[in-house]
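Naming follows writing order (A, B, C and D), and every chain is counted from residue 1.
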Amino acid sequence: MKFRKVLIANRGEIALRIIRACRELGIGTVAVYSDADRAALHVLEADEAYRLGPAPAAESYLRGNLILDIAHKTKADAIHPGYGFLSENANFAEACEKARVKFIGPPSSAMRALGSKTSARQVADSVKMPRTPGSVKGLASLEEAHAVAAEIGYPVMLKAAAGGGGKGMRAVFFANELASAFAAAASEAERAFGSGEVYLEKLVERPRHIEIQVLADEHGNCVSLGERECSVQRRHQKVIEEAPSAIVDEDLRSRMGEAAARFAKSAGYTNAGTVEFLVDEAKNFYFLEMNTRLQVEHPVTELVTGLDLVHLQIHIAQGGKLPFKQEDIRLRGHAIECRIYAEDPENGFFPSPGKITRLLQPGGPGIREDSGIYEGWVVPMEYDPMLSKLVGYAQNRNVAIRRLLRALDEYVIGGIRSNLNLFRTILRDQDFQSARIDTGYLDRLLAAKTITQTSAPEREEIVAIAAALFESMKPVNGDPSNSPVNGRTSNWKQAARREALRA
Amino acid sequence: MMVQLEVNGELRRVELVPDELPGRLRAVLDGEKETEIQAHLLRPGVLSLHIAGKAYRCVLEEGPEGTVIHFAGTRIPYRIDDPRSLKSRRSRAGRHEGPKAVTAPMPGRVIRVLVNKGDEVQAHQGIVVIEAMKMQNELKSPKAGRVIELRVQPGGTVAAGEVLAVVD
Amino acid sequence: MKFRKVLIANRGEIALRIIRACRELGIGTVAVYSDADRAALHVLEADEAYRLGPAPAAESYLRGNLILDIAHKTKADAIHPGYGFLSENANFAEACEKARVKFIGPPSSAMRALGSKTSARQVADSVKMPRTPGSVKGLASLEEAHAVAAEIGYPVMLKAAAGGGGKGMRAVFFANELASAFAAAASEAERAFGSGEVYLEKLVERPRHIEIQVLADEHGNCVSLGERECSVQRRHQKVIEEAPSAIVDEDLRSRMGEAAARFAKSAGYTNAGTVEFLVDEAKNFYFLEMNTRLQVEHPVTELVTGLDLVHLQIHIAQGGKLPFKQEDIRLRGHAIECRIYAEDPENGFFPSPGKITRLLQPGGPGIREDSGIYEGWVVPMEYDPMLSKLVGYAQNRNVAIRRLLRALDEYVIGGIRSNLNLFRTILRDQDFQSARIDTGYLDRLLAAKTITQTSAPEREEIVAIAAALFESMKPVNGDPSNSPVNGRTSNWKQAARREALRA
Amino acid sequence: MMVQLEVNGELRRVELVPDELPGRLRAVLDGEKETEIQAHLLRPGVLSLHIAGKAYRCVLEEGPEGTVIHFAGTRIPYRIDDPRSLKSRRSRAGRHEGPKAVTAPMPGRVIRVLVNKGDEVQAHQGIVVIEAMKMQNELKSPKAGRVIELRVQPGGTVAAGEVLAVVD
């Protein structure tokens, strides 16, 4: 069945990216938006647009029933949830199934089986997928925690079963720390996810975060599209992602890919998904969790495989078979993604919403930017601070790094702060350039050096002159026509007036 | 024309002497250093400067915290040194004495107010907690002293650059 | 030898594209410009910039001696000529050689051997490369023309030896037309190229224009990077280029590639070059000419090979060996380039220089745009009308077409006219979609249908309302603050003022 | 407010009735057709309209030939119908009688002038040849008649929209 119309239940760059894919496939698009997003590009570019409510997500993008109502009203055949918001909400997926609106993602059953980390660990065992030693269900008591920890040996990691983003997580190095850590993790998990269930696993030292992209159709076919390395993280949040990983060879890639595909199939998984692993220094990989949706970082996989994952998601959701086999997948070149955030790395990474008063975006060969921003856009304070995903592709990792540094020099974001300088620092760092990275790499780097911009006296002299010239063009400082700066007058206007008088 | 400004906290005097050719001029910096310059505005806020063969892109940012020039990957703030402006007078008076404001670095919602008016606070002691973009951020006192003003209460929203409290 | 600094002897998108490549390779850049280009992006983005002279090319971009002087003054190690201007000027290449400034391109000797079409045809014979039957030197007289034509049989084609862009070209179908055509072609060639030398070849009916990209290093290695099909032409000017060609299979590709590489090597060719062929309906290929420079359409080859041709040009000019062998070259996906021109297809393709008063550029996955324009840029009247190269890449030709159509809908160029609608027409045309194209295709299409935009009453109603709303925001039509349009006020300014009062 | 315009040559009357909510309004077209509208200006010249759930992007172009709106891949010219403007009066008077101008569709250099003042010319007869972007373009007479004005000579440059000759 071919979709005539798809509702995009999301905002920002991913909503725009999905709208573009639908347009390319000849499918109509319905955007939804909160009051903070009336002027957003996804609202401008969609065929139809409907208001959800006030800015807070709970009153807008998380209102599943309202979104389903709009889908019915607009006769949309399907809903694409993007990432975040309702994308991993099994109840919403089930509501779509009941309402006969296709949810572009896995069935709610698979989402449930893999959504909780403890039950996902049980599935991993059932298909003999390596995972970190530890419990496969929630810890009933502190005593049980002590028992498990003693069995697997310290250091251990306490994690929230419903967890994500580092919340409800505690590393424990000695038995006498366990009690307080257990209490803290449980209450933090309770507050963050409404479930205090925590479990315990062996702490992997200096792990790399490496994940496998899988695609499964509804006819039992499943392929893996290679790995992404996401070891550059700040406080358990991904900052840079790349494909391929510098340490993954063909053999490891096929073993991880095979395990991930087997895992997904065993849970009846369909559509696009990502199986996350920790990889230790001996290149052993351990199952971490599965993300049952499209990932923020999917573009790096698209660039090295030459495929379009959103096109394929829609194809699969329409009931289509995967148009290729595992052996048809060939990786070529190297792609690196930088998550450009509205935050100030020079000032404690304070978030920085507000109006973008000046925007010069980079371009040129090998640069892909997925963003939903423009000069004049007011970045809302209610949502995550991602402004854009700047992706560099090149024949190899080294050139991709230099290409991104070139693009960062072209990039100007004014009016709000951004973390552009964070990426200058990382991409120039020796350890990053030689791929000596693990999930602790960035926090160590930031502890060692603060992100400050290099300033030099001659720079300040040029800036003083530039500032004076900008001021000379402002009417408040006298007659702008006396400014020595050239290029301020538009030459057609006079011509137009001349012509008007004559006509 | 003569322009007085404060660049990165430094006071600068720039004299601009136009040439007969459009876009060409001489600039005299701080009354001594003289340079030949070619200046062309490509579009509002984007200035192309040529100085002795070198090409420079200077981009103007106007925002709640004032004017900034983006140059070679750095943000360099400047302010026209206007004798009428209280700021300028204060900056000339020196930034390090007198009452200091706790200002919001970004718009957001006030989650908690950690002090009361009249409280004695230490430098870097938390004053207000503001939430924006799903993150909570504690704003700290710029100096040791007494909270002489407190302009916010929990639940309120604040604009970037807004003064939340004053410590003296 | 690694270059420290490169002078780019060109303008527009190609100058910017070369500057970006140099920056990625850590090489300093020197831009040159005419008075019409002071505000051009290549002048803004280079490390150094020097004025050449007034707008006309003869007084600026064609002043080889001045450009060499600037190269010396700035201590540039090399000059990249781009395409057009001095790029195929053997005398300039030789002057660079004498001046010990590396010309990034072939040696002047190879340029001379292949520059003239007649001598190139002799080289083709020497390496047994198929070419169209006909003369291999200029026709001495009308008698000789008659003799050759009679020998190879009508229809025949008269061409200028120094020719290009369709000038000095005449198709002749009957002997009695030959005399007048001969005279006309010769005088046109004389006027256009300063040489009246014309030759005669068999006219290939409904040919496809298919060209092979070659790369040769200075150590005797030469590879071909597959083909580009450029059959969509208007009056012998390329309008759309794509890679791969829909009719070229592996066997034909390797035979054409092998012939092209052999041809280039035989003339001592180095660096990037393109061997152009005509391919008839029986898929026989005939040598047409060689372009001894980087081509406008090189991006489509970059996208399907994953290589960066400008990086490779610089690598070769530095004396580097080709970093891959022929068998390493793998084509993946399909790329199509549209040449966006400042011309009005709805009005006889009148050129349309002037100020770009509004610009919305497309983006998103699979879209690459090489351009040097921006909102406010005044497109000069002195140079060719190319504004931008809009390139779509996708897993196959069909998706690439739909992707370009999507991008065209996002694209707005205001203040001057552009040929965006020409591409909408072509990309939607059945014959183009099924790749039934030859060098006469577009002229036939344009004769059949004029490029007009579909208008509909409801559209005009919406536009009337939009126009009224735009007018309501103009002070001349009353107080803009009474306009019902939302989103005009910037919200930080008040905050800033508030703050200023307080501070 | 009431706006009179000429859209694609058609006279239109648009009444805009603001709603209390910002960006919401009713528009009455030609005194009859009424529609609920939501209008938001994203940046100068880029207007987002929502009408009955459908979303439209309308982009304003201002150029030498007047105002144009880019909508769904089409360029639709409009002109505010200002009684003071000679153009409007003339357009209402009907475009088809009276003297007609040969105007330059683009800036360029005059290569050849093919007629003399006072010549009788046919409709579509060549009047002036202009070169721009390395192409020569022959500008033709809009009607049959006599050349009553000739404002250019070879070698001169012309601006877009400039009147080169008038035929009556």
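Simple rule for what comes next: a residue touches a chain if its C-beta (ideal position, glycine included) is under 8 Å from a C-beta of that chain, and two chains touch if they have at least 3 such contacts.
All values derive from a computational prediction rather than experimental measurement.
For chain pairs A-B and A-D, the one joined by more C-beta pairs in contact is A-B.
Note: centroid distance subunit A to subunit B, computed from Cα atoms, is 32 Å.
Between subunit B and subunit C, the centres computed from C-alpha atoms are 46 Å apart.
Rounded to whole angstrom, the centroid-to-centroid distance between subunit A and subunit C, based on C-alpha atoms, equals 37 Å. Contact with two or more other chains is made by residues 38-39, 45, 354-355, 357, 376, 409, 415, 486-487, 491-492 of subunit A. Listed for subunit D are residues 23, 40, 42, 46, 63-64, 160, each touching two or more other chains.
Chain contact topology: the protein chains form a pattern that is neither a line, a ring, a star nor a complete graph. Interface note: chains touch in the pairs A-B, A-C, A-D, B-C, C-D. The touching residues of subunit B, counted against subunit C in their complex, run 23, 40, 42-43, 46, 48, 50, 53-55, 57, 63-64, 66, 85-87, 90, 101, 103, 159-163. Residues of subunit C touching subunit D in their complex: 342-344, 347-348, 350-355, 357-358, 360, 381-385, 408-409, 412, 414-416, 420-421, 424, 453-455, 459-473, 477-478, 482, 484-488. The residues of subunit A lying in touch with subunit D in their complex are 31, 38-39, 43-50, 74, 374-377, 491-492, 495-496, 498-500, 502-503. Subunit B meets subunit A in the complex at residues 1, 3, 5, 7-8, 10, 12, 14, 16-19, 22-25, 27, 29, 33, 35, 37, 39-42, 45-47, 49, 51, 56, 58-64, 67-76, 78, 80, 105-109, 132-135, 137, 160. Against subunit C, the residues of subunit A that register as touching in their complex are 16-17, 20-21, 23-26, 38-39, 45, 299, 302, 306-308, 310-311, 330, 332-333, 354-355, 357, 363-366, 368-370, 376, 378, 394-395, 399, 402-403, 406, 409-410, 415, 486-487, 490-492.
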